[in-house]
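Below is one structure; the comments refer to it alone.
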Amino acid sequence: MAHPYGMAAKMTEQQSSPEARPEAREFREYCRRWLEENRPPPTETPLPQASYEVTYDDHRAYLCDWQAKCYEAGLIATDVPKVYGGHGYENFQSIASDEVRRSKVPYFLNWIGLGMVAPTLLIHGSEEQKKRFLKPIFSAEEIWCQGYSEPGAGSDLVSLQTSAVKDGDQWIINGSKVWTSLGSLASWMLLLARNDKQDKYNGITCFLLPIDQPGVTVRPIHKMTGECGFCEVFFENAIIADDLRVDDVGAGWKVAMSTLTSERGAAAGVGAVTHTESPLSSVRELIELAKTTKRNGVPVWDDPVWRDRIVKLYIRIEAIIQHARRAPIEALNGGAMRLPLQSKVVGSEIGQDLNATALGVLGMQSSLYVGDEHAVRNGRWPLGYMNSYTGTISGGSSEIQRNILGERILGLPKTK
Amino acid sequence: MAQPQDFGFDDDIVMLKDAANRFLGQRQTLVQLRASLKGTEDPYRGEERQGWYDPAAWQEMVDLGWAMVPVPESAGGLGLGLVAAVAIQEEIGRAACPTPLSSTLQATFVLKEAQADAHLAKIAEGSSMALALFGEDGAPDADSTTVTANGNKLSGTSSYVQDAQKVDGFIVAAKASEGLGLYWVPKESVTIHRDRIVELTRDQARIELKNVEAEVIAEPGSGEQVMARALPALLTLLAADMAGAAEWQLQTTAEYAKLRVQFERPIGFFQAVKHPIVNMMIAADETRSLVYNAACAYDHDPEDALRCARMAKASASETAAFCSNRSTQLHGGIGFTWESDVQIYHKRQMHSQFLFGDASWQRQKLAELL
Amino acid sequence: MAHPYGMAAKMTEQQSSPEARPEAREFREYCRRWLEENRPPPTETPLPQASYEVTYDDHRAYLCDWQAKCYEAGLIATDVPKVYGGHGYENFQSIASDEVRRSKVPYFLNWIGLGMVAPTLLIHGSEEQKKRFLKPIFSAEEIWCQGYSEPGAGSDLVSLQTSAVKDGDQWIINGSKVWTSLGSLASWMLLLARNDKQDKYNGITCFLLPIDQPGVTVRPIHKMTGECGFCEVFFENAIIADDLRVDDVGAGWKVAMSTLTSERGAAAGVGAVTHTESPLSSVRELIELAKTTKRNGVPVWDDPVWRDRIVKLYIRIEAIIQHARRAPIEALNGGAMRLPLQSKVVGSEIGQDLNATALGVLGMQSSLYVGDEHAVRNGRWPLGYMNSYTGTISGGSSEIQRNILGERILGLPKTK
Amino acid sequence: MAQPQDFGFDDDIVMLKDAANRFLGQRQTLVQLRASLKGTEDPYRGEERQGWYDPAAWQEMVDLGWAMVPVPESAGGLGLGLVAAVAIQEEIGRAACPTPLSSTLQATFVLKEAQADAHLAKIAEGSSMALALFGEDGAPDADSTTVTANGNKLSGTSSYVQDAQKVDGFIVAAKASEGLGLYWVPKESVTIHRDRIVELTRDQARIELKNVEAEVIAEPGSGEQVMARALPALLTLLAADMAGAAEWQLQTTAEYAKLRVQFERPIGFFQAVKHPIVNMMIAADETRSLVYNAACAYDHDPEDALRCARMAKASASETAAFCSNRSTQLHGGIGFTWESDVQIYHKRQMHSQFLFGDASWQRQKLAELL
């Protein structure tokens, strides 16, 4: 259950705006056309709502295939230098990602690789690491997961206990990780482990861990939805060669923070697209649902109390869309990070409210779940409601986010 | 009409409530429920889920006399009324116990208002039954039913029937030319189409009736009035269940906040955790007080029963939504896992929230009384 | 701005219940009749909504008169032993207070005396103090105020700095108090002062301070309503004789807590009635307001969104009323203090919401204030809205109350 | 229609906004306002309160060209549109400045939609005016007016007129047999009945017209359309004022939380204080983004202007209520005193909340567009 970075990406979705450069206009046109022409047929069983919920092998095969195609077409790693397997454009990635979201094609499975590992390697990786690992990330040949959270270290990440002990030119890893999205599909893990128990912040090192080895056991965890959306990973004398260490020994916390707090790097850097539903499309769907759901022959939309609640959401979602427009304007944004740092907590809470409201619109019909022939959109709304807690809990819970906002943006004293 | 200051919770009922609490605590039904769910978790590829319950526990409940608690003495019951039934239902909710008793207690009050002593006697003897009232759109009125009666023959489908796989028979609302009637049909004469639902502690189904022979409980044309009189009891029972579940959510979250350490403190130290838990308590307590009041009003002041019951169910629905949300959020990742009981209560509360109408429905109807 | 103890009293208002004892029934009948026959004529300018808002001399004279009459009639100090000026009944006070509230006669001005000073003296006072001070409290011959809060010690009461230095058989007081309700009308103050700077909790002593002396200056503070509802009080070598000390030197904190946390003692003990509006009567008035306020010819009550919001309040207020019924029932109350300790935070927040909702019902009409000929009920709703912050801030803010509830009732770790 | 990505906030407008911020900051109008309030505090026994403002500051604003900012060039103005006007109004709100400019900016957009160049020219030259639109019930529609027009003669009373004591004349909505018309009347020809209001930074009055000679701005029958086109601008200006005030409430409360020490910590350390302040920021930011969007839509995409403006005013009203409530609560007793500026902003926001319709009114009207 790593942070759904797609949320941040969703929040920055913008209205179509006139392109400044003609070559940008042309590139957008190209993306649009390519996506139209290459839209893949639907899967047999429907894909989950977001890429971090994928667990089945057939979905995996289908999505890897799709990602590889999009990479070949230049929609992924668009702005990455060619020497690392990228396409070498400048400022085209956001156009490509925009179009991917807009066209409602499937998302990209290797979102942790694209959203976190690649940006991390581009900043902190050695030349060899970049050349070895980036291309298979882009093409989805190698799926990545992330090993940050531990049973005792959720919100309080820095208290992680998984140990890394140097032994010649390799490291011995013991401990465990939890809430590992894609854990059962991944062959590599971006790992944080503790090399020094005495030094809380400077005793953590970042590694690239090969999962297919005897010392690593992956156990899927079922979510409340019943899906197995994430895993526990246990290390018993797992081994990592020292050249798979990222940056210096003890630099792990710095490495992790530079990815976690860099919106650009993490969310949009090389084209991670984890959702193809936007908040705006969701609220439009909700309005449609209220107009078509009838009780005693009367549409729920005609009930002013429900309508008021839905319109409240509609307004807040429009505000988020306008945030994205306002954020780059220095004179209006109240500081560079003020709006971006709000996006996760606001987006995830509105998303939860939106799904809860949909259940209210459905009334008793909301009880019908995936697989029920009478379920509205095969149980999409109760499923979405339950999965919405991923957004408010993981990747820094709403509580932690509010601490960060109060402290970093408003300068209030640190709670801890 | 004068109501007892103690809501009618006399010593006998308090003892009954304590006994129910102990019994349900000892049975640990959820442990058994989990065994029955093994392999069914995945909503796309898991095995079919059934409406599991513990038949032995149900038999014990019958032996302990719980089913006959609100059955009038004239029909061989204890005649203890809604206050006593609510005492039991609150404990069932607290235990999130899958049991035909929930539906059977509801059915009892419908039968009581219909003065259907013969069927009440069956309940006193251990028979179970559920209500089949709603049409496909799930509108929370008995007259949303799309089942039709032609003499004693019923045809059509009744939706959102709770505990359908657990009970021996159904009380079906059906429309005849004279108006709404209520009927009893045995399980054997209907086809049960199990719904695949989110909730794990109840089963739900559409029951299909094809020209089925039925026993009349309330003559066509009198069904509306019987249901109107019974409705306060149904709402109050449901609200009691939700109050019990909310108390579990509150206590469990508070305990977790004392044990779970982050940033070198039990998380309950932090006001971002502490204050929402206090708000859970405030919500749960409002619901409980309104539930006891509604039960007492039904037993002692029927004129005021509907107003009180709508308040209880409105409050219960708000409380259920809030406590479910906060219990999952404050448990962090753990509460979001299948393994945690937090999700079982969350789903039960989501389900109860909408049964017989959600909070805004209740308030809309309540406004008409103010 | 001391704690409006009336709130707690309001919360315990109960529906009429059959009296167990015939003499109780008889006493209630007597109270009801007496109040009907002796209802005073209205004042020239209307009384404020609550007794802690009184500041004018004509109101003072009128209310002292009224309190004296009620005391004579046995409605005040009903259960206090005759030797201390009381009437010597048993468990009749709650009946008398009930009837006072029900009959909508004026409240009692000397509410701090009745609600706090008298209970404190009855528990902690010397025999001489009881005989000297109680009767004039009951009869309103001497008005009391309370000196607990200081500019630097609001929520954090124990950090108070006003000093008390022993000098022979008297004490010299220096420092200041703030938010002193009735400060400009009172002749006596129940004072907490620090006799020992080293010992935070055990360095505080409780005194009975005569206000009319050169060392004491009282400065009224205007509230946001414009009323001067409370005062600052400055001590410059103010003098208190040692026999006006309550309980032991250093026992002040204990004394203060025993009154502050004893619901019975503080709220209902000797008949403090600070409001004659109950939440139930307020919400009924709000419903009436919504039914009679029209916009474009349509009553606001016919707007389902407003109706829903009002009915929500109606339900919560009914819950509070039922709390009072449930609280004494051991099998249902979840512990003796669980419901009573909620009453202040819940009551004050619902009261605030109720007043805010009334402003919404009034729309632009809510702008019209006291003295405007078109103002609904002479500006009662905006006045009530603003004064509602007394309830959520003073006497332990809502934030402090939630700490107390979490810690004392649910056993959560102490925030401080 | 294509909207500029930067909301139309070009460098000139950004400079204008900065200049307004500095100017209003230096004037410290609230210090002067307080002097005018001396002795009027007590609502029962205080002296009469007047609609004070600083005429010198107003003259300076005129000299700086603020009044002519949105006046079309054809009428001698700068023709900068709503985005620029909103930039100024947001700063007025942040300063809670009593000034006839607020009403005059509103009037400008009504005149602009009526193409009343002669009156616009007066504004460009420094004349001030206010809108007189509403009937006694304060329903937020121009056609709630109870003033009637008989030819060029107006009779009746217009309620809830803002800044009435500060302006030189009024734009009055009046009903003639052909429909709604808009008229200009000079201050001298009406009787101003000052309302006693809660708000301290505006004055409000009923203006009484007795067969008053008026100049036609929009012919009878065309008034509805003019008002419909102007409404988005009026809502957006108001929302901008509220966004500015909310930002003040946020910053002031955050600063207080850093300085005020309780329990040996600045209170901003405690999450019970920190998190609500963060929620104030979240609310204030939503409103601001919607305000800029609404202003830009009015200038560049009039078809969508009403939808955007209703969103802005709905959000502003919610934000104003929330930030006012939290700013007073988190300031503890201090924010509740007359001496604190917190109460001045609280009252200004309460007042703005209901002007031209509150949040739920806006949402109701917005729903019709979805």
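Chains: A, B, C and D, in written order; residue numbering restarts at 1 for each.
Please note the rule applied: a contact is a pair of C-beta atoms (placed from the backbone, for glycine too) under 8 Å apart; a residue touches a chain by one contact, two chains touch by 3 or more.
Computed from a predicted model, the values in this text were never measured in an experiment.
Enquirer: Using C-alpha centres only, name the chain that sits farthest from chain C.
Expert: Of all chains, A has its centre farthest from that of chain C.
Enquirer: Please tell me whether A-B or B-D has the greater number of C-beta pairs in contact.
Expert: Greater number of contacting C-beta pairs: A-B.
Enquirer: Roughly how far is chain B from chain C, going centre to centre by Cα mean, in whole Å?
Expert: Here the centre of chain C sits 42 Å away from the centre of chain B.
Enquirer: How far is the middle of chain B from the middle of chain D, if each middle is the mean of its Cα atoms, in Å?
Expert: From the centre of chain B to the centre of chain D is 52 Å.
Enquirer: Could you list which residues of chain D touch at least two other chains?
Expert: Expected reply: 270-273, 275, 360, 364.
Enquirer: Could you check chain C for residues that touch two or more other chains and list them?
Expert: As it turns out, chain C has residues touching two or more other chains at 303-305, 308, 399, 402-403, 415.
Enquirer: Please output the residues of chain A touching chain C within their complex, sorted ascending.
Expert: Those residues of chain A that touch chain C are 303-305, 308.
Enquirer: Going by the contact rule set out above, which residues of chain B touch chain C in the complex?
Expert: These residues of chain B touch chain C: 2-3, 5-7, 9, 14, 17-18, 250, 254, 257-258, 265-266, 268-271, 273-275, 277-279, 281-282, 285-290, 292-293, 311, 314-315, 360, 363-364, 366-367, 370.
Enquirer: Inside the complex, what are the residues of chain A that reach chain D?
Expert: Against chain D, the touching part of chain A is residues 15, 17-18, 287, 304, 307-308, 311-312, 314-316, 318-320, 322-323, 325-326, 329, 331-332, 334, 338-339, 342, 345-346, 399, 402-403, 405-407, 409-415.
Enquirer: Help me check something: in the complex, which residues belonging to chain B touch chain D?
Expert: Touch residues, chain B against chain D: 270-272, 275.
Enquirer: Please give the residue numbers of chain B that touch chain A in the complex, ascending.
Expert: The touching residues are 40-46, 134, 136-141, 144, 159-160, 195-199, 204, 206, 261-264, 270, 272-273, 321, 325, 328-329, 332-333, 335-340, 343, 346-347, 350-351, 354-355, 358, 360, 364.
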